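Structures follow.
Each of the next two complexes has subunit A plus one more chain, namely subunit B in the first and subunit C in the second.
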Partner chain A sequence: MLTGALAADLAVNGLVTGLFYALMAVGLALIFGVLRIVNFAHGEFYMVGAYAYTIVAARLGVPLAVALPTAFLFGAALGWVVERTLMRPLYANIATWGLMRDEYAVIVTFGLSLLLVNLVDKAIGPYAFRAPALVSASRIVVGPALMSGQKVAAAGVTLVTLAFIALFLRFSYWGRAVRAVSQNRLGASLAGIDATAVSSLVFALAGGLAALAGALLSPIINASPDVGAFPAIKSYVIVVLGGMGSILGAFIASLLLGLVESFGAVLVSYQYRDTFGLVLLILFLLFRPQGLFGERGREV
Partner chain B sequence: MSGDIRLRREFIATALLLVLLALLPLVQRDVYWLGVLVVSAYFAILASSWNLLAGFTGQFSLAPAAFAMIGAYGAALSATYYSVPPILGLIIGTGAAGLIGLVLGRIVMRLKGPYLALTTLSFAEIARLVASNSINITRGDLGLPIAGWFNDRVLWFYVFLGALAFVICGLYLLLRSKAGLFLEAIRDDEIAAARSGVRIVFWKTAAFSISSAAAGFAGALYAYFASLVTPELGLVQQTGLVVSMTVIGGMGSLIGPVVGAFLVYVTSEWLRDVGGWQLVIFAALVIVFARLFRTGLWGLVTAALQPRRGKPA
Partner chain C sequence: MRNVSHLAIAALTLSVSLAGSAYAADPVKVGVTVTQSPPGSVVQGTQVKDGLEVAAKMLNDQGGVLGRPIELVVEDTQGLPEKARAAVEKLITRDKVVAIVGEHQSSNVLAGMEVAHRYHVPYINTNGWADAIREKGYPEVFNPNNYNRRVAMAAADSIKKLGAKKVVAFAENTDYGIGLAKGIAEQLKAVAPDISYRFDTLDRAAKDYLPAILPLRSDPPNVVVDIMLPPAAYIMMNQVYEQGVAPATKTWLYDASGLADYPDFWQNVKEAGKDMLVFGLYHPKMKAPELAKTIGDAYTKKTGAQPNRLLYQAADSLLVVADAIKRANSTEPDPLVKALEATKYTGTRGEITFSTESGYKYHQWLDIPYVTFQITEIGQKVADAPLVEQAGQPLDPSKLARP
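This part shows the complex of A and B:
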């Protein structure tokens, strides 16, 4: 049933989908690493990015090379504002906060998600928006598979962005600061790292990456207010699979989930393809909460 | 004990509120507005049941809407395939939700904070996807029709109000007993509670199951009211509404979710006529309340009453 050609086709498609997931999941993992919270409004940054790109590129007629970074900057600015206004209580005075810290984070990001969805719904409208194409070619041959030109172009931009983020985290001062704060907030602060600035940076970066993902995919899945729910759920699954807070884990788990879904849809069940990841999430949280690549000993 | 006095005061306030609500049909007999009140009562039951978990036990579940959907399908499926009478359908729906809640509650026992939120969210999505994709059993997104019980909207309002009163009384009795003390001890410090001899596994699982059963009960009742059950009942946005109502009304108090549910839902229907910005306003309110007024409206009210009596908390 599964011929070589089909398998190759599924593999390429799964990996490309996984790349898009990674753009979302890496940001979520960064936030979890630094702040120890799950951002339940992550999908809305994706949605905002899709709208920013569509409006800037289609309405104002700005060229692609400007429209994509605009979407990124818009998401980043939103992320920065959110961190400044809503996330500060999480670590401003940790001692008095104590008990309800996790609940506060869930409520406030959940509320933010509702707010952004309904705000866009009222301000712009509930109808799907058609975004201008990234490239003119409709079909491109990638190795053994035939793919939509949009996807190939988006995957290319994604790869470059992810490589850039990896280099940033590995070598730059601020990248090392992010990793230090993820490992130990207090220790990093004692070593002179501005942990508050790192939190802002991480939220801005994550918002920007999610917005970029939305912008890149908007020509394929037209922007609508609730468009972020789906990729957000995928990225929750991925950060759990990869080990909450692990960046490399999130990247690898993204590709894995892309493959699992692409093969699972053909081999197991097409109807229930969206439940595979969710079942994996529950199983992982129960039996291997540190994920595939996370560290042991985290409080669960 | 001050906790007991506080709880009793909240219970009396809730009872007064319910009596006031019961008088509403005297002045408002419009079918549309009665429907709005019925849905408000439905949400009040959901919010109260969620509050038992999130507010009193410290288990932040994101699945209340899913359990309401399970209860609704429990009633609708048994009515469709075995043509059971409504009373039995209600029991089946409630029981199904309670049983699934028992299993899920036992499984997620160890999880906290974001991990619990993610697991329950995934469970809710799986339940919804299964309901909407099992087309040959549930008719998928088309929804499963179920023979209505009766049509009188005033009567429906009183049925829902009675159900809400029943749930509130049950919660009050539960929280007033030793169990309430155990649950709050678990919320405040699980390890200390365990060392003091509280049976953590038993009480956390029990709270999860009771809360799920109450949500299922609301869902089953709603199924007979709406005479159509769709997977939309289990949407995460519905859970968002439940959370919003509880946070705005006052989490961790008996009356908060009831106030929040009626206030949010009735005002949002009322605002619908003036541009439909209601959901934007409520989402913003949730954030403002969570950020600045953590005790909700009820907390603000009690704080405002406090100085006049001249005694600090």
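This part shows the complex of A and C:
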């Protein structure tokens, strides 16, 4: 039975889970917004971040406050390299998106996903590792909810990061450039914006955010080679729900999905928890295919 | 001319005898299906593979079987039933193995044994606990390992001894998890019908089990039963502990999956593992035949790790095959199956025999020894964890340490 205390508990848990989804989904939305591709290796950036943080903090003994940004930088660097080496052929010498080879993006990112999972599996091993927590307290009272110290810290870092990303996109030169390229790549190029550099930036930023999500959650979900698969699937659902390429949409949809899963698991059944997002996805595709904040089409 | 004829005959005789000796030295190939890469349990797969290799080496050092060395042909299933099925097909048709051993996941056993049954090749189930494996009644399938009904009986007896009134189990969404959760329900109904019991099925690929755990905070049960395998089990345990549900003053955590035996247990679980009760198929303080020490020492020498239950289960799986080949004096399926059925072999855990009763008992070693122990310190080794239930005796509540 759903009591007031349980409802509050579920709401807090759903919102916190949604925040973690958002950190992944915002990066995916950015990539789609600028490059118009779905990055099937996005979950593996999450996995790489979880391992980077675990190895740097637990094995090398680096302070946690340094290990966390290191994981972000590692993911960002990997994203930048991937964009430079694997994504460039997508739009090299192509001024409009009409000539892009979408199937190339699907194949190359899917292949990258398999490569990274197997590389980590062989190089580090298949065993799960629990990373050291930023806050070691096992239980902290947060309003009506009980949470581990790490979860509270991770939620805090996530909120700050998302706020920073929002401000960056709204007010900085590069943020405006990202928005301009996502609206019209050719138009932005004609206005003097380096669309190629923006693509690199977006891939690096998305990689860094996914890696940060993996690092923040690695003390909770334990790093293993296949750890990125589940959050990646959630992110794909969120990006469609929020509206392809919409950052605000991805954020709102993340919280919505977190809440729906949390309450649905108790009110309907935990066993259907992961289908709630898919049901939402089907409903949106049927009745609002552009998502929460997406547009039906755009022509310039 | 005559000399030439003699030379020809001598050459022919020599070549035939050489061919004969080469044939005699041909290895007896035994197929192995184990998980060596995700998403299945690589931890289990590695322990099983190491155990089989230790047993194979011991057998080969003793001269092999029928004067031929044993060769293990290993296939990685990734813990996926479709790959297990394909692996068994390949091992039987291409590698011509005389038997299959090693599988450690019920879903994979259920997939692989279908192929073995079709080709009538002996299939030794090393660690598939699902009763459905036995209930199929396939004459080629033999089970010198644990079975769900055994754990269900042990768990139900322990829960009753703990004086529980309300019990919740978290079971993974596999043949093993759901089968055992249902088995505990049946056993509790039989031995303690007053106990309220329910189980939640959790996706082993998921990372957030809180929606299933949160309702327990306001109405905690007396016992939470773990029926999940790593790494999902670790995440569930940490979240159950984080929410203050179990282990707690009011609530025991009973591990029906033998988690404490895994080498990565303490890497992934800290406070959540303390005070947990563990159903154990192996504990260094259990009485065991001399062979266990030989195998255990060889395993430690090979891997640097302490012996564990899967080592012994794997070793016994291969040892019963070797024993059957020797008694049958053949590697052909029919005599091998017949010899396996008549097994009376003292392995690493006791005298192994296979029941011919139908249902979950079919081709099952029924008297699998087990104990219950309690983890009383964070980072504690299994050897140091006190036994609260000796093999063949009921759980002793006076030995329990309350969380």
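Quick note on the criterion: the second predicted complex is superposed on the first by the 285 of 300 C-alpha atoms of A that agree within 3 Å, B and C clash if a C-alpha of one lies under 4 Å from a C-alpha of the other, contacts with A are read in each partner's own complex, and residues count from 1 in each chain.
Going forward, a residue touches a chain if its C-beta (ideal position, glycine included) is under 8 Å from a C-beta of that chain, and two chains touch if they have at least 3 such contacts.
These numbers come from a predicted model, not from an experiment.
In this overlay on subunit A, subunit B clashes with subunit C. Legend: residue contacts after superposition of the two complexes on their common chain; A:86 is shown touching subunit B, with no touch to subunit C. Shared-chain residue A:129: touches subunit C; no touch with subunit B. Residue contacts after overlaying the shared chain place A:271 against subunit B and subunit C alike. When the two complexes are overlaid on their common chain A, residue A:77 makes contact with neither subunit B nor subunit C. In the overlay built on the shared chain, the residue A:166 is in contact with neither subunit B nor subunit C.
Looking at the shared chain after the overlay, A:6 reaches subunit C, while subunit B stays out of its contact range. In the superposed model, A:148 makes contact with subunit C only, not with subunit B.
By the touch criterion stated above, A:292 is placed in contact with neither subunit B nor subunit C.
In the superposed model, A:112 makes contact with subunit B only, not with subunit C. In summary, superposing the two complexes on chain A brings one listed stretch of subunit C into steric overlap with subunit B, and the stretch in question is 92-100; the others among 92-100, 146-154, 218-226 or 308-316 show no clashing C-alpha atoms.
According to the touch criterion, the shared surface of subunit A, contacted by subunit B in one complex and subunit C in the other, consists of residues 118, 121, 229, 271, 274. Subunit A makes touch with subunit B in their complex at residues 32, 36-38, 40, 86, 89, 99-108, 110-115, 118-119, 121-122, 229, 233, 236-237, 240, 244, 271-272, 274-275, 278-279, 281-282, 285-286, 289, 299-300. Residue ranges on subunit C touching subunit A, taken from their complex, read 37-39, 42-43, 173, 200-203, 205-208, 210-212, 214-215, 217-218, 230-231, 234-235, 238, 241-244, 263-264, 267-271.
Subunit A makes touch with subunit C in their complex at residues 3, 5-6, 9-10, 13, 17, 117-118, 121, 126-130, 138-139, 146-148, 151, 217, 220-222, 224-227, 229-231, 261-262, 264-266, 270-271, 273-274. Every residue of subunit B that touches subunit A in the complex is listed here, in rising order: 54, 58, 60, 62, 107-108, 110-115, 117-119, 121-123, 125-126, 129-130, 133, 187-188, 236-237, 240, 243-244, 247, 275-277, 279-280, 282-284, 286-287, 290-291, 294.
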